[in-house]
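Each in structure tokens, the structures are laid out below.
Below, subunit A partners subunit B and then partners subunit C, in two separate complexes.
Let's turn to the complex of A and B:
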């Protein structure tokens, strides 16, 4: 009986291991390939063997080239500036708006709320061209503002905060108001501390979306001074040659920041999303 | 009083000099997928044109056309000089994106370019797109792999004009080479023969063209009666049969064959002449890069067609620095800048006088381009709907590659293109 149990457990682990390898392959292959030359990548790409995954001659040349030849640090910092600005401003703007929509009643509230919800139902690609015309008309092309401003108001973040705020008991705010608290005090000292999981979830979601954003930065920021990582990576695919090791190494570096953020906060992400998902 | 007057006069002098200097400073911006190559030579232009600064921005070549559509439909003046794929020039002119360059090129200068390139850049009698270079498709092979296989492949017997290898001969040799090198598939040789720009009209249309088929009607507005002809059916059947037989590449995207050839995974490949230098960068040596003329179909030796045309320089119609942009375009296409550019990019020169021994020393494959240029070279479809033409025809080639019924694929392409081009006919 015990042997049977051990056997079934071993089978389960084996199956899970195989599944884990399959799931991790899209990460493992680029990671390993980022430490080899292009010639070696092609040499071992066909006829699958250990060397297809495992480098024969390890080299960090691709990583070095990224910083010495291709000024990747600049693109990295540009991306951090864009995302680092969008994140706090967007969270504050959307949560304040959600506070108004949830705790105040005013004319046209429902229409306005519906309009704001529509903003996250329309794909960014659909409005890219008119948005570019607006940004171009304002003389903001090739500036950080062109990438930051369109991302500040986020319908999804607003919606999630509204759903979470509905959980806050009215009595709590009434008591605070009786004690003389202003709306700002109620918002900052009472409501927001109760919504930490939602805030973390929205921060993570906004961060990952903006970090991986490709189409809009491609249109709005072509200068090296403002170019972001996602756009910079595409330069490694030239007309006559594809620099796979540079693509893989830059992709790995690009993935590190979101991964480092996501891992410690993933439990909040799940609870934050769940907190806003069951309200009417 | 004197002191005050001296201060005022000094201020006036300083301001005048400053405003004069400011007026003389011009910055032109260039958008291209070849920023490295242009950045490497722009100092020479700036030195010859004091007060003009050139800033070059890189854009991935696959996104370049989309970028232009977005920028120029918004009438953006952000870029002064645009590097445009030659066949797109006519469409951009029709949409009002490009400025005529007749003021920046004399008639003699324009006439010095190869006739096909002038034709490509001229719309309604005005010159809009100056060629950076030309291109030519040739057959490359890996000398080391051929030698290792022990199969004889002597290209010295071909002079291109009168004799060249035929497709059937090539297929026979390529299969023998592959079988000798990798009899059980354990070495990972991918295919005997690959097309570098597979499923792209630039390269693939040379097959029907080499059987006498045209790309589009003379007015550039119809494909019915042009691509639904015997030459096209035969060419597509030849292509599909060889893909199905595992002789032509399948599964690789456009340009993916290049690096696999550099890595000795493909013994024979059709690429452009400028791929020679990329092959060197990809790990090959002059000793193991072999090349010869593009094959002919049996019985159609006199109809061989090679691809031509390349990137051009044009001036944004909305640019506020057209004068300086015109100077730059003239310099990099006609002037000494083009000599410098060709050394960087090793394109086929845009005029006969630029085929020199110095250039052959950098890229010996250009000798074949010199022989094919103007003799077998066939321009891509000249049509204001070139983007639509490319999208639909590329999809047709890919469908046929993946096993679609040839008659259905052609009929679909004809329907779609006739409908798309009707817009321009109106």
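Let's turn to the complex of A and C:
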């Protein structure tokens, strides 16, 4: 019995390890390659050896030239402008709406809630083409507004706050209202401070989603002045097919930000996913 | 959902005002585009007409895209669901350091699909790609991967499965954590082995999670775009030309917006059906 248990443990660990290698290889190999020269990548690609995977001579030249020759700082700043505007506005707008849904009773409440729920369940990618025609009708193509405005009303954020607000004890609000507090005081001083974990989770989800967004910025922002990082690296790949180390390093540059956010804040990501949809 | 208290009578217009920004943005940037795509699909050279749809339904390219989309989803979605369930069962094991595996499996989720697509296209390049180098050391001849019409779809499925499984695994993990331990204890007392418990306790208890994952995964996979845009361009020989990519290509490559809109409308209808199903499931759960 005991040997059987040890054996099944060993099998489990073996499978876990194999899967971990599969999960990591497509990230680690580009990471390694981004620190080498093109010549080196080609040289060791014909016959397999340790040097196929591990750099002989480490160099950060690719990263340097992305910033000095290819203006990657510009794309980073653009992305930060877009995400930096969306984040606070979207969080405030959606949490205020959730506040109205949770703490008030009004005509048409159920209809409005259902309508919003249904609308937000249609993924953004599905409406990208018609949205482009709307945006271009408004004359907003190739502006920051075209990337910011459509992302402000966020279904996931709205419904997550609705879920969290339900657990705020009513007595707290009633006490505050007896003291003559306005809705703004109740929202900003009582309700929001109680929901900090939700706010962190939603900030992270929004940040990573916007950072990784591709189809919409590809359509809406094609000029360099407004291009975001994800679109920039894909365009870069299409234009510089021969410079593998540059392609790898630009990809890693874009990947590192969400990975660095995920590692310390895992807990919030997981709660964001689990609550976002399993609870509805 | 709503609380009835003193605030209701005095609030008046206030709740509507608080909702207004979200409503305005949702209507302009979500609801209106959905309508717009249906309307512009019914326009042909400025007049109201069914011509766009007639042309689309008579078009071989369109039907090829339908069949590619269906085929890809029929393979990819079940594969991803089974794999993510197995992964969730494994990382739910009581083992030291299991949290590390959980994070590692989730890592592909955090990077964007375009970056993942670029990395895969270089690793799986027929020309100097490291996958061919490694296979070569085992004596396997050079493979075409994304350039081979028999392998391209499989490679895209591999890419999406690599990137997607960690995400769905987390839902299953949440579901597994929600199963009451006493059920397993009772099953153990009855002499059930690992697989008996899996099939008679775990899987039935995960039914709702599975329903959700099927719906959510299907709608994600239906809208797959980046790999085709960045790697295959729908090829080789249109073997990876899914509806989403065909809609983009019609609108932005050939400037045929009404055809793009018509294809988008077909996709939106499919997605709406999936969404309604999801909605029904949620209503069932609330009951």
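Worth a mention:
By our rule, the second predicted complex is superposed on the first by the 230 of 280 C-alpha atoms of A that agree within 3 Å, B and C clash if a C-alpha of one lies under 4 Å from a C-alpha of the other, contacts with A are read in each partner's own complex, and residues count from 1 in each chain.
In the analysis below, contacts are C-beta pairs under 8 Å (C-beta built on N, C-alpha and C of every residue); 3 or more make two chains touch, one makes a residue touch a chain.
Given the structure is predicted, the values throughout are model-derived calculations rather than measurements.
Within the superposed three-chain model, A:133 lies in touch with subunit B and with subunit C [touch as defined at top]. When subunit A is checked against subunit B and against subunit C, the one touching more of its residues turns out to be C. In the superposed model, A:116 lies in contact with subunit C only, and not with subunit B. Legend: residue contacts after superposition of the two complexes on their common chain; A:100 is shown touching subunit C, with no touch to subunit B. Of the two partner chains placed around the shared chain by superposition, subunit B is the only one that A:141 touches, whereas subunit C remains out of contact. Legend: residue contacts after superposition of the two complexes on their common chain; A:242 is shown touching subunit B, with no touch to subunit C.
With both structures placed on the common chain, the touch criterion links A:43 to subunit B but leaves subunit C unconnected. Shared-chain residue A:234: touches subunit B and subunit C both. Contacts of A:222 after superposition: subunit B is touched, whereas subunit C is not reached.
Comparing which residues of subunit A touch subunit B with which touch subunit C, the overlap comprises 42, 45-47, 129, 132-133, 218-219, 234, 237-238, 244. Residue ranges of subunit A in contact with subunit C, taken from their complex: 9, 12-13, 15-16, 19-20, 22-27, 29-30, 41-42, 44-48, 52-53, 93-94, 96-97, 99-106, 109, 112-113, 116-123, 125-127, 129-134, 149-150, 152-153, 158, 162, 166, 170, 173-174, 177, 183, 208, 211-215, 218-219, 230, 233-234, 237-238, 244, 247-248, 251, 254-255, 258-259, 261-263, 266, 269-270, 273-274, 277-278, 280. The touching residues of subunit B, counted against subunit A in their complex, run 31, 33, 57-63, 67, 70-71, 73-74, 76, 78, 185-188, 190, 255-256, 258-260, 262-265, 271-272, 274-275, 278, 281-283. Those residues of subunit A that touch subunit B in the complex are listed here as 38-39, 42-43, 45-47, 128-129, 132-133, 136, 141-142, 218-219, 222-224, 234-235, 237-242, 244.
Taken together, the subunit C residues at the contact with subunit A in this complex read 1-8, 11, 14-16, 18-19, 21-23, 25-26, 28-34, 36-37, 40, 87, 90-91, 93, 95, 101, 103-108, 110-116, 118-120, 122-123, 128-130, 133-134, 136-137, 162, 166-167, 170-171, 174-175, 209, 212, 216, 219-220, 223, 225-226, 229-230, 244, 247-248, 251-252, 257, 260-261, 264, 267-268, 271-272, 275, 278-279, 282, 285-286.
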